[in-house]
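By letter and in written order, the chains are A, B, C, D, E and F; residue numbering begins at 1 in each of them.
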Amino acid sequence: MNKLVISGSPHIHDHDSVSKIMYTVVLAMIPAMLASFWFFGFDSLRVMLVAVISALLMEWATQKFLLKGPLTINDGSAVVSGILLAFNLPAGIPSWMVVAGAFVMIGVAKMTFGGLGKNPFNPALVGRVFMLISFPVEMTKWPVPRPLFATRLADAITGPTALGLFKEGVDAGQSAQTMLHASQMPTEIARFFGEMGGSLGEVSAIAILLGGAYMVYKKVIDWQLPLSILLTAFLFSGLFYLINPAVYAPPMFHLLTGGLILGAVFMATDMVTSPMTIKGKVVFGVGIGLLTVTIRLWGSYPEGISFAILIMNAFTPLINKAFKPKRFGSDVLKTAKI
Amino acid sequence: MAGKKESNFINMFTSLLVISFVAGISLGSVYNLTKAPIAAAAAKKMEDALRLVLPDFDSIQPIKLKSAFEPDSLLVFQGFQNGQLTGWAVKTWSKKGFGGEVNLIAGFKPDGSIKNISVLDHKETPGLGDKMQASKSDWYRQFLDKNPADFRLKVKKDGGDVDAITAATISSRAFTEAVDRAWQTIENAKKEGGNE
Amino acid sequence: MMKLATFRIGGVHPPENKLSANEPIIRLPLPKQLVIPLSQNLGAAPKPVVKKGDEVKKGQLIARGEAFISANLHAPASGKIAKIDDAVDSSGYRRMAIFLDVTDDEWMEGIDSTDELIHQNLPSSEVIRERIKEAGIVGMGGAAFPTHVKMMIPEEKKAEVLLINGVECEPYLTSDHRLMLEKTQEIILGIRILMKAIDVKRALIGVENNKPDAINRLQQFCNADNGIEVHALKVKYPQGGEKQLIKALLGREVPSGKLPIEVGCVVSNVGTAFAVYEAVQKNRPLIERVVTVTGKKLTKPSNFLVRIGTPMSALIEAAGGMPVDTGKIVNGGPMMGKALPTTDIPITKGSSGVLLVDQSESRRSTPNTCIRCARCVTVCPMGLEPYLLARISKLSLVERAEKERIMDCIECGSCQYTCPSALPLLDYIRLGKQRTASYLRNRK
Amino acid sequence: MNDILLFTLLTLCLLAIVLAVVLYFVAQKFKVIEDPKIDLVEDVLPKANCGGCGFPGCRNFAEVTVKAANENNSLGDLNCPVGGNEVMKQVASILGLEVQEKDPLIAVVRCNGSFAHSPAKVRFDGPASCAFAHQLFAGEGGCQYGCLGLGDCVASCIFDAIHMDATTGLPVVNDLCTACGACVKACPRGIIELRSKGKKDRRIFVSCINKEKGGPAKKNCEAACIGCSKCQQVCPHDAIVMANNLAYIDFVKCKLCRKCVEVCPTDAIHEINFPPRKPKLEYTETNTQPPGGHDRLEKVQPVQNKTVDIE
Amino acid sequence: MEYIIIIISAVFVNNIVLAQFLGICPFIGVSNKIPTALGMSGAVLFVITLATIVTWLVQVYVLNPLGIQFLQTIAFILIIAGLVQMVEIILKKLSPGLYSALGVFLPLITTNCAVLGVAILTIQKDFNLIHGVVFAIANSLGFGFALVLFAGIREHIEIMEVPEGMKGVPIALVTAGILALAFMGFSGLV
Amino acid sequence: MNQIQNFTKGLLKENPILVQVLGTCPTLGVTTSAFNGLGMGLATTFVLTMSNIVISLVRDFIPDKVRIPAFIVIIASFVTVVELVMQGFLPALYEQLGLFIPLIVVNCIVLGRAEAFASKNKPFSSMIDGLGMGFGFALALTVLGSIREFLGSGAVFNVKIIPGDLMLVFILAPGAFIALGYLIAITRKLKDHI
């Protein structure tokens, strides 16, 4: 007879695994990938492929030559990070910059800390902010979306994002109303389906929400976190809209433009870098919502979600300390229920 | 360490005093020695800045002119060569930069055309808005020798003649506005015959 | 149907796999030799009162529990003491055991050997406790805590409710289930005895909703019986943990580090209630118990009534023999049971099941790193942070571990069951608990 | 003298005076907070901060020694095992005391349940931690006293003095050992003992701590001490005591005559760093390899590595 | 409003540690544990505020009138050194509790560039005394904010396994870099 | 002590920045370019060497309790000298280094060497020690400056190697921290191999 195995209890497992979780996320990103392909064509494919391949390459290389630990590139986390990095980039970005961003993402933000699960900051966002600051020109050139089957022009035309357009106009002294109805401004419907300038993954709200719903259904993410972000951003920007509609954009505009939904659904929910308890997640989400709107309204960057998530990532350990799960035995009811 | 002094009050007091005394003497002397070069260096810096934006001059006269847009006034340096006015250098600003205020010195020839522009400080994004600096790009050259009378000081997007820096319209707008402020101020002063 | 009661935080729902739920309890034939380990209860092991060569009768006292927390042992059959020597116990360690060569199966005198139900003549609570103590009854729910100790309510406390644990939340196991179906009346009587012993007017039986037949049957007999109620509970592991059960049935939370009596409860297993009935009304000591023998590849998953001291190999034989690709043998259920190094290990008072796991399921998957998915936190019924406890246990940070309430862990294994990274969380937490416990002892 | 010079002088001197007054206060208020000897002692300590002395760190040990010297005028049994006699002598001389010489010690692994001698009967699947495995079960080889082979001792040694031998699955101690005792504490089975280094580094010891009777002991491990007392009978120096079916060699009494080694039927007694005795045994001795170990190793088929790597 | 701008600027936009590179040594050195970080922040707040007041007075009433601004460095550092000592004595006398909480950090502060840096910056920015004090407090708050945030992250990192080569200072610096990257999002707020 | 060893220890084995991690603020603050790094390094070397010499000369006359203030006065004087001289003769560099020149006075290396070395050793040794440590400091600053300048703007010592900008982040604060972090990690590896 073969040797019996001795191990501590429990002796069964629910057979979920890290890679299953990660590939669920990949699956959830497919609608957004399709949307980006629809609007930005083969450039979107190029950017996504380059990001994923260089992320995998970097992960493999660091594990093989520097950490000398087990190789775990097939756990899917680098694929998720790679796609999310691509989602945060404009379609026209040169490939070498994507490679640099992916290397920083995996090399600096992830493997330096020991790899999956140990990084305090969201790798894809570190990669993205790194690129934003390093390559400001290319990172702020947004190709105008053209649905795949529409007649294509010879070379890509770039235009501003809705947020950039608005901010620029208001800063230049135009009223908010004029800007909202400016000819370049995408309509509400376009914003919802994603026919507007922006990074690959952020343009189509509906596609992202679809993916988010799938992840909630699969219990990969908790709905409280994205909801708290969106709600806070809505209320906070709405407050200022009520105070002075001539300067501030309406809350729906804030929700549907920029990467707010992308960040809320796919990036803030990264379990590695977000708090552990639901209460903590809500605090985290409220923080992100406030910071995002603050940066959008008063900061120099038209878009604030990346920074907001990174800053709240820094708060995550403190939040984890402050919002422990409710310990059993902490609220002692003396009265019987039955 | 045989001769180490004990830590009593007199010892502490005197040793510190002696050290301070020696330090004081030496520092005072060094200061006296470097005073002249420091002053010279400071003067040279100002002069260099003006030399850059003003036509040849041998003397400078600072004046204050009422700004064209606001009640405040701007600092203007008039350059003279042999008593002849050779141009104005206006310390001007704009608050519409991407990162906030932009300060620059714009130099004009007597006919009102731009001699040169030198950015004093700004908070624009490196790689984007900071291309307005002469050390970063040649973008500012499009202003040289243009006379704002026929070169409309507005970016093309706003219906002017200025080509904006790629992806940095806001910074370009601020820069242009500051130059415009300087030019209008000079022009107003010219019309009114100056108000020193 | 109304929403079923359950405990509030945490919990998992592993596949139930109650393969032997419909198998009636069968009495297993006596083996030639019984090996009766001395230490079968929580607390101190009893001292032998027989020696090599002694003839004993079934039911005769063979070891006396002298310490405060200890329980008597009785001869499970008549025969001759072969030797008192060490024998391998369930952990592979050698411990003292009494070896009994079986000759026959005659009860000792003074023991009621009929199956007749005895309702009347409940003795006083002192007498009840004394009989329980004499009979060597320990908790049959797994922990094997001497029941008479549990019945001694500290003076400043007052018991209000007796909770009867018929939850059997462990997957695979069906021994309590079968017992509730087949010995319903005895159990109810045992409950009444226990109620009298601790002087309470109310008893609640908690049974998970996956045993509707048992619930029905218990309800039949409870209707007449005042003060005893049966409650169906939502199926959720570890509902059977006493703190969870109290929460589910009464909404009370036992404070950290305290016993159920703190909130006026005493919890006992249905098997314990049955044993109490037998001891008090029939004078029978605890010498046998129901054991589930199960496993996906086993030909006949069964429930056996087994004499203490019978080797597990005999049970497996009776259930159709060991499947060839058995990779792990578990004493108890899959969530809390102990893996055994051999099958030559005797059944003790605390053994509730023998589970044969086939090879493909017996090895754990390779652990990954913690991705902080918080699933372990979500499922922990005690509101702990298992990922953190495991890390700080690994780093031997005992003070931190104590602050993070490592000692509250009930070792239910929910965290490790659910961890997508397949981390040995509970292994580390156990280690940490052990270290923290010794640190706490030293500090005192 | 020009103004600037004068002002400079005045300002600086004034500041200096103020400072001197302030500092004088400090000096007066808090004279000698710490004994300067503490620093001196700390300087000579090895700064390994290993805790071998029984105190949390070298600094703490320095404080304790100074205190002991001041109060009791002796160091008692305070000892830095890492620095050894050398360092303790220096410490003593700083403190103006004598220190008695201590026999240099070394860690010794008293188990020979190698893969070959005690083949695995079950397989452990769990974290590589002896402490955990000890709590869980008796060990893969079945001996409840034997080495679990998961290397808690190796992990505890900060001097890199102990490592696992991949072929035997047992830890081996090398010369870097400073007798700090960390591994002794780390081993949940109490297998490691600090013993006298012995003359010329030679030592003889019973490499087993199994207290079971001969039969059960031998069942799990071929190289177990079966408590037959042959060694005790042959020892001319009364250095061997028998207790609980186990022989123990007292290293103070042992004269390293090696008689016991020959008579042990299970080769449970080890000799280390002795020259080869008979030409028949042609191998060179390693720390834990028993005489005849190699021959046996060849007979038994190799067993899988015991260690399970987790994380 | 002015004060709010000074505070937002010092805490978020031009954070003394993450953007101005002052006080990095204690930022790296005493950020292992949150309580330590809090203690250090408290001590820094106290000393920076006090030092800024005194140095401002000395600058405005001694150095400027006498025309010996070049003595700034030497005068300020002497004042700070003396001040720290004095605080230590006084604290020990008046409030032993506070002393045991903050006192241990005081010696570290003398050689902390943040104190001298803020004192000099206050003069360079031509602040009046009140603005100077607000500026000093704001900067200490910025220091404390960064320090506590960072301590939280480092406690977390400590529990996880960091690759051998990066342990300690390197990982702290990389983390600080990413934190600084995140803080760039605040640019333009004032 | 062997003076050569005394000198070289500061370069790698006891490098003040890369090994001892002292004086991080100027290190990060001024190394936006190799040239600035070198300038700062040399200024610090000057202060370090001179104050080491002077302190070593006067060490026997200073009572213990005023040791630190006395050292500070000496160091601060040399810093002021550097400040004045630089302001007069190298105004451009002075402007670049800005606040960090007066901050040399609180640079932990300077006081640290004064305490640990100069106050216990002869003037010549102290000078060598100061030079060694100073050069070590300057070396580290220059290397870091070169790395940041190259990665940030594709140039080293203002000589363009790659046309156009590379990754601007390296000139900014985050890049400074990250580059130094990796540089220290690499130094540790190197040190182990030598």
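One rule holds in what follows: a contact is a pair of C-beta atoms (placed from the backbone, for glycine too) under 8 Å apart; a residue touches a chain by one contact, two chains touch by 3 or more.
Here the structure is a predicted model, which means the values were calculated and not measured.
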| item | value |
| --- | --- |
| Where chain A and chain F overlap in contact partners, by chain label | B, D, E |
| Count of contact steps on the shortest path from chain B to chain C | 2 |
| Of all other chains, the one whose Cα centre sits farthest from chain C | B |
| Contact-richer chain pair [A-E vs B-E] | A-E |
| Distance-maximising chain from chain D - centres being C-alpha averages | B |
| Approximate Å spacing (C-alpha centroids) for the pair chain A, chain B | 43 |
| Chain B and chain F, separation of their C-alpha mean positions in angstrom | 32 |
| For chain C paired with chain E, centre-to-centre distance based on mean C-alpha positions, whole Å | 60 |
| Interface hub residues of chain F, defined as touching at least two other chains | 65-66, 69, 73, 76-77, 80, 84, 168-169, 172, 174, 178 |
| Multi-chain contact residues (two or more partners), chain A | 4-8, 108, 114, 117-118, 130, 133-136, 300 |
| Chain E, residues touching no fewer than two other chains | 68, 70-71, 74, 78, 81-82, 160-161, 165-166, 171, 174, 178, 181, 184, 187-188 |
| Topology of the chain contact graph, where touching chains are joined (line, ring, star, complete, other) | other |
| Pairs of chains in contact (touch as defined earlier), listed by label | A-B, A-C, A-D, A-E, A-F, B-D, B-E, B-F, C-D, C-E, D-E, D-F, E-F |
| Contact set on chain A toward chain E in their complex | 66-67, 108-109, 111-114, 117-118, 120-121, 126, 129-130, 133, 291, 294-295, 298-301, 304, 306-308, 310-311, 313-318, 320-321 |
| Chain C residues touching chain A - in the complex, by the definition given at the top | 5, 9, 12, 14, 92, 160-161, 171, 204, 229, 231, 243, 247, 249-256, 258, 263, 324-330, 332, 334-342, 355, 357, 359, 361-365, 368-374, 377, 380-385, 387, 405, 408, 411, 413-414, 416-418, 420-422, 424, 426-427, 430 |
| Touching residues (chain side chain B, partner chain D) in the complex | 7, 9, 12-13, 16-17, 19-21, 23-25, 27-29, 31-32 |
| Residues on chain F engaged by chain E in the complex (per definition of touch) | 21-26, 28-29, 68-69, 72-73, 76-77, 79-80, 83-84, 99, 102-103, 105-108, 111, 169, 172-178, 180-182, 184-185, 188-189 |
| Parts of chain E lying in touch with chain B, wherever the complex brings them together | 68, 70-71, 74, 187-188, 190 |
